[in-house]
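Shown next, in structure tokens, is the structure this report addresses.
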């Protein structure tokens, strides 16, 4: 069974597909650095949509999500964007905790695993 | 291959089953908010038992566990309850780190993935 | 489908194999406690090599990695060792965040999931 990697450099791949699952790297808001949590979340979720599409999947088949916020006080601001993005009836399992991220300009990180289209 | 979700709202599911695996959301002690780490852990592990049973699995088939404690100084208190709950010879892989959780009344969160009964 | 566990005690297994995947516990530098982040990372990655080999896999098939650093300021020091260790063209998806670990002598933790050899 093969392993298919996309957007791969010496450190990490952004997408790895194997055995019917699509694993995405933790996504930060590279298109909205330093912006509000809401803006960063929108940037991240749009990138997740793109990466899943490249792998032949989409947000309706996300199985799991891990979310890190540098300030858990932004939980509601994050969720307002997240809740609007999740397809009705298709929400994944999730854990959301506070953690400092790789650079101060990023205050949100989201890592998901999805099934290939079912 | 289907995706089966349980206890689903617009934000997350508590259980997602797919391709022989059962994914649980990060569980916090909704039945013991603000109580001791030991009491919160007991509440969480009882809920994990219930959710796995609903999905047709049980704690003897848990493959992975992620644990977050708001104070890593409670590591031993958490482990005393955890170690007593894990079936002998069936312990999963695990990582346990410190992180603030969604609300101050919760000081323990546990997220597991299990196999369907084998 | 069976579950195969290695280095199992009452708390956790270091390796769980199931359905073509190999899950490793979060590894800390038990061979280099209190040493530099670079030294701890080398110790951890050597242990991951050993555990994957026992399970019949290797670093070229790692699908996902989660990394925790007690000081995100050591991100570059960690990555210098990590980047040199990852086989060219085979990097997994990854998330790396800051978190306190189980004991102050450990400042790096790495948890990976790999495919059985493909």
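We just call them A, B and C in the order they show up, numbering each chain from 1.
What we mean here is this: contacts are C-beta pairs under 8 Å (C-beta built on N, C-alpha and C of every residue); 3 or more make two chains touch, one makes a residue touch a chain.
Quantities reported herein were computed from a predicted structural model and do not represent experimental measurements.
Chain contacts in this assembly form a complete graph, since each chain touches every other chain. The angle of the rotation carrying chain A onto chain C, fitted on C-alpha atoms and rounded to the nearest 5, is 120°.
Averaged Cα coordinates give chain A a centre that lies 21 Å from the centre of chain B. For chain B, residues touching at least two other chains, in rising order: 99. Across the complex, chain A meets chain C through its residues 1-3, 5, 8-16, 18-19, 23-26, 66, 68, 99-102, 109, 111, 113.
Those residues of chain A whose C-beta lies close enough to touch chain B in the complex are 20-21, 61, 63-65, 72, 75, 79, 82-83, 86, 88-99, 115, 118.
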